[in-house]
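Next come two complexes built around chain A: one with chain B, the other with chain C.
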Partner chain A sequence: MTAFWRRHSTGLITFLLLLPALAGFFGLFFYPMFLTVILSFRPEGQTVGWTLENYTMFLSDPDGRWVIYLTFILALGCTAFSVLLSVPLSLILREKVRGHRFYRLMVLIPLVVPGLIGALGLLLFWGSRGWFNLFLTQLVPFVQRPVRMNYTLHGLILFYVWLYFPYTCVTTLSTLESLDQSIEEAGAVSGANRWQVLRHIVLPLITPGILAGSVLTFMAAFGAFSVPLIAGGDYRPLAVEIYKQIAVPIPARWSAASAIAIIMGLLQVAFLVLYMRFVRRTGGAGGGGQ
Partner chain B sequence: MTLARAYLRGMWEGRLILTYTLLVSFTFLILAPLLMIALRSVGKGWFGRLWLPPQLTLDWYRWAIEVGNIPEVMKNTLIIGIIAVVASTVIGIFAGWAFGRRQMPGKEVVMAMILLPRMIPPITYALGVAKIFYTLELVDTYLGVALAHVSVCAPYAILVLSATFEGLDERVLEAAGVCGANTIKRFVYVVLPLIMPGILASMIFSFTHSYNEFTLTLLTYGPHTVTLPIRTYLAVGDGYWEITSAMAMIMVVPSLVILAMIQRRAKPERLIGGFKGV
Partner chain C sequence: MKSRMSITILLVISGLVCIPLATPGPAQAGAPTELVMVDSQSGANFQAYWQKYVIPAVKQSLGVNLKYLVSSDAEQIQKVKAWKPGLGDAHILFPKSIASWVKSGVPLETLNTSNIPNSAKIDPQYLKTDEGVELQSKAVLYWRTSYALIYNSQYIKNPPKSWKEFYNRRAEFKDHIGLIRPDAKSSAAWRQRLTFLHGFLREKMAMPMAQLEKDPAFQDAWNKLKDFTKYAKAPLPAEPPNLFEDFNAGETWIALYAQDYSLWSARQGTMPPTIKAVYPEEGADEIGTGYLAVFDNIPPEYKEVALKVVNYLLSDDQQIRLLTTMWQYPGTDITDQAPAIAWEMVPKLDVLTKTAIPRERIQKDIIDYIKGHAKELLP
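On to the complex of A and B.
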């Protein structure tokens, strides 16, 4: 017994130290996911029997497919616009303009504001009585009617960008700051003008950072729940659709909800794998350019 | 072509003004939604085409506190938050010690596995958690909602505390041992003060996540465990924007104060960090 203890004590202590974390992982993540998979193959409301009906029903329904397309449109639109906003913003903030600390804090604000509050404020600001439309109708000539932003697709993408661009921006900014300034100087000394330095030296070098940040934005936008729940109106991405399945019908349709949840999880993982492969290839090209 | 070049040169010469215009409008777009909530929550008779509320009032806050039952809701939020923080910090200290200071085979795999919940949309496992809690009758109890929060908070605690333990200098411990401190004394007088900042950081992260957690709460709450985000969401459904705004202010101001407090200490990448292994 003592010999056994002496031989295995280190491993055993490590295991005991990890036990709470592993218990939490299995109880709160692995087993729930397992249960969801099982449930998605059960006929609705029953505890025995196997069926594929929950999947076929959702995937063969045009509305169901539209939900999937919508989720991708929102997530990809948000990612694209976040990159377009983050790159110029990070380039400006790198220059240490006066008050750059304050502007950096502004970038972080959407990260700490809960999606719920953000959605509420955005609905107020972009609404027909909000400041945006007051500005348009009162200060811009030839605009008579308020422009509808709330509960529209472009408005929802805009809300997503407000909430999720900081992931891209913070990552881009930290990549830019870890960039060796002497490379740019070498480019400038070799006769490249500012645009050429930016286009051929800085951008290729920070592309891996931008892409890594955009993955985070994509994941947040793909899984967004509270924002489309409040500000989505008729636009219901996958997360809201799952919730509606258990919140609206009585009795709750757990099997249908589970099937959609599994579809959502698989789509996210599949997209991430493809994206990481793409990022690695691009990152390799960027690194090779040095 | 010359025109385009002249235009570009003009932009370059006016770059300072251009930069500041961009930065100021960016700041405005970030802050304006929050400002509108703040104004809406104290405004009275703000209808039609008015830029600012004509009268100020605190009535909406009184309504929110009395009708929305905010003291009770606040109590629920704090109790749930404290249980979640204690549980995830305990998990974090043990797991952080194992990850940061001990040799083990397959460390990367175990770490990636524990951080996996952050790669999957919360709603997908929230569904399973809710289903289990319904059978265990944990729904609508403080413990149940707090446990659901742990699945979000614990990965953060593990990340922060692993980094803390990794940064612990072995020689300091040896020095304490040479000076005659036993294991318990070493832990209390040497290790604990050194890891205290890490523990505090992990507690703050865990608490803000539990305080703001919406998805998992929505699927596990009941009439006795309404938290602040849930109360605000329910108020959105009622359609009284002023009262909703007052509740939103009550909810968001503490988060912003915490951000201002930790902004200098914590690196912003930390807030979102831990995805390096993706």
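On to the complex of A and C.
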């Protein structure tokens, strides 16, 4: 017994300590995922039999394919604008301008506000009688009519950016702050102007942080639900489509919803694989840029 | 090594001790004091009402703590189907569509005057069917709600008096008609269309859907509905909060919606104060229903308390409160007991029932048809 314990103790202890986490992981992730996969191949409303109909119906329907394109458009649009917003904002916040702690807190606000509340707030703010349009129509000359933001594609991307850009911003900012400023000073001493320092030194060095944050933003935007449900108008991405299959018809179309969920999951994994390959190639993940 | 081994053993023992502590024990002696109530019917106004008024009243009067769970019919039906006999963990149901529940075959307790004495005050026609489905005594009526054409008097001085007139004057309201998306979760999604169709089809709506679908009058009404949709404010609001926001923004001027919710929203400031209601003269408004049921597959001691709670919810005090607090019509016939002030806000129920769509014309098949053909009804 003692010899057995001596030989296997490390493995057993590790296993016992990991057991709760493994049980949780299998119970909370693998089991539901497994059930979803099974259900996606069942004929609608049946507990026996196999079919591919749930997949073929969705993928052969032009509306289904449009939903997939739309989901990518929204997620990619949101990611691109998040990067464009995060980099300059991080550069400003790094300088510790007056009130920078307040601004840093503000950046995190979208992460702590529930999506549904955020969406309703944004609808009110950008509405034709919201503050944004009141400001434009009453204070800006030549603006006679309210600018339409709610329920438009560009408006929805804007809402996504508000909600998900903190992922990119926080990682970019932390990478930027961990940067050794003497490298920039060396660049300046060597005769580079501020733009050249930024272009040739800072940006390449913070690229890993930007890419890591942007992948988080992309994933969150790809799975967005509350915002497009409330503020999407006719633009309803995959998550809303899944919800619609369950919430609207009675009995619910669980098999159809499961098939769309699996398609969504596979697309996310595929994109993630491609993205990580791109990140590795650019030297992002390993910090090779440095 | 010894200390690692001791820590491991300690962790395992702690886990083994904690698991039984965290697991709910067997039912204690005496009647249960905590029940779970599932609500897939209430909108935001009534979700607040349940938590603010009803649950505290139940606690005070019966000593029962109601755990209030907002859910959807589809999700809950799926859950209840998985229950083992007698082990259900939710007890009272307030569904969006009792017809869907009865049709799904999920076991519900039979309710009658012997276990729910206050159900004697409910008009028997409401206990017999809903959405054209025989209720088989599986539910009791909790409330009735009225739908009306809600309009903003700031923009509309002469509202249409019927659906036909509304359709004929549709160009006048172009881009300002509020139609909720036909694939929305809210029941307004199908109610708005159903009442529109009824304005043109009347008694034909009582026909079986398979027969009605082939009727030229139905095709004509359906085409009118599709055409009418083109005059609605686009994009169609996804859910009621969007509709209200459109009203607030001045983009929507008129829509068929629940009278109680509209009045409540105006009071909350989420609808313009200039909101008014009109009841189309051709029977184009509808009396919506909300039913209470008790799950069958639950422990008997819980069922007994659940029945007491449902009976309490049908008591005169609770039913009048529906009217005086929320402008919602009671399920029981106690309107003569309501204070006169209540009728200053809403018309008496008998006024509405004269113009309401007869219940046999509100068929689940038509509702399912509208939901199933939602794509055609998007502009």
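For this structure, a couple of remarks:
Following the convention adopted for this analysis, the second predicted complex is superposed on the first by the 272 of 290 C-alpha atoms of A that agree within 3 Å, B and C clash if a C-alpha of one lies under 4 Å from a C-alpha of the other, contacts with A are read in each partner's own complex, and residues count from 1 in each chain.
Everything that follows uses one rule, which is that a residue touches a chain if its C-beta (ideal position, glycine included) is under 8 Å from a C-beta of that chain, and two chains touch if they have at least 3 such contacts.
Note that this is a predicted model, so its numbers are computed, not measured.
Taken together through their common chain A, the two structures put chain B and chain C in a clash. Of the two partner chains placed by the overlay, chain B and chain C both lie in contact with A:17.
More residues of chain A lie in contact with B than with the other chain of the pair chain B and chain C. In the superposition on chain A, A:274 contacts neither chain B nor chain C. When the shared chain is aligned, chain C comes close enough to touch A:234, but chain B does not.
In the superposed model, A:186 lies in contact with neither chain B nor chain C. After overlaying the two complexes on the shared chain, residue contacts for A:31 are found with chain B alone; chain C is out of touch.
Once chain A of one complex is fitted onto chain A of the other, the partner contacts of A:9 are limited to chain C, with no touch recorded for chain B.
When both complexes are overlaid on chain A, the residue A:52 reaches neither chain B nor chain C. Contacts of A:128 after superposition on the shared chain: chain C is touched, whereas chain B is not. In the superposition on chain A, contact is made by A:250 with chain C only, not with chain B. Within the three-chain superposition, the chain B stretch that clashes with chain C turns out to be 222-230, the only such case among 6-14, 150-158 or 222-230. Judged by the document's definition of touching, chain A residues 13, 17, 20, 120, 124, 129, 229-230, 246, 254 lie at the interface with chain B and also at the interface with chain C. Those residues of chain A whose C-beta lies close enough to touch chain C in the complex are 5-6, 9, 12-13, 16-17, 20, 63, 120, 123-124, 127-129, 151, 229-230, 232-234, 244, 246-252, 254. Residues 1, 4-5, 8, 11-12, 15, 72-75, 77-78, 97, 100, 104, 183-185, 189, 234-236, 238-239, 241-242, 245, 248-251, 368, 371-372, 374-375, 378 of chain C are the ones that touch chain A when the two sit in their complex.
Remark: chain A residues 10-11, 13-14, 17-22, 24-25, 28-29, 31-36, 39, 88-89, 92, 95, 97, 99, 102-118, 120-122, 124-125, 129-131, 134, 137-138, 162, 166-167, 170-171, 174, 212, 215-216, 219, 222-223, 225-226, 229-230, 238-239, 242-243, 246, 254, 257-258, 261-262, 264-265, 268-269, 272, 276 touch chain B in the complex. By the touch criterion stated above, chain B contacts chain A in their complex at residues 19-20, 22-23, 26-27, 29-34, 36-37, 40, 47-49, 51, 87, 90-92, 94-95, 97-98, 102-104, 110, 113-114, 116-117, 119-125, 127-132, 147-148, 150-151, 154, 158, 208, 212, 214-215, 218-219, 229, 232-233, 236, 241, 244-245, 248, 251-252, 255-256, 258-259, 263, 268-269, 271-272, 275, 278.
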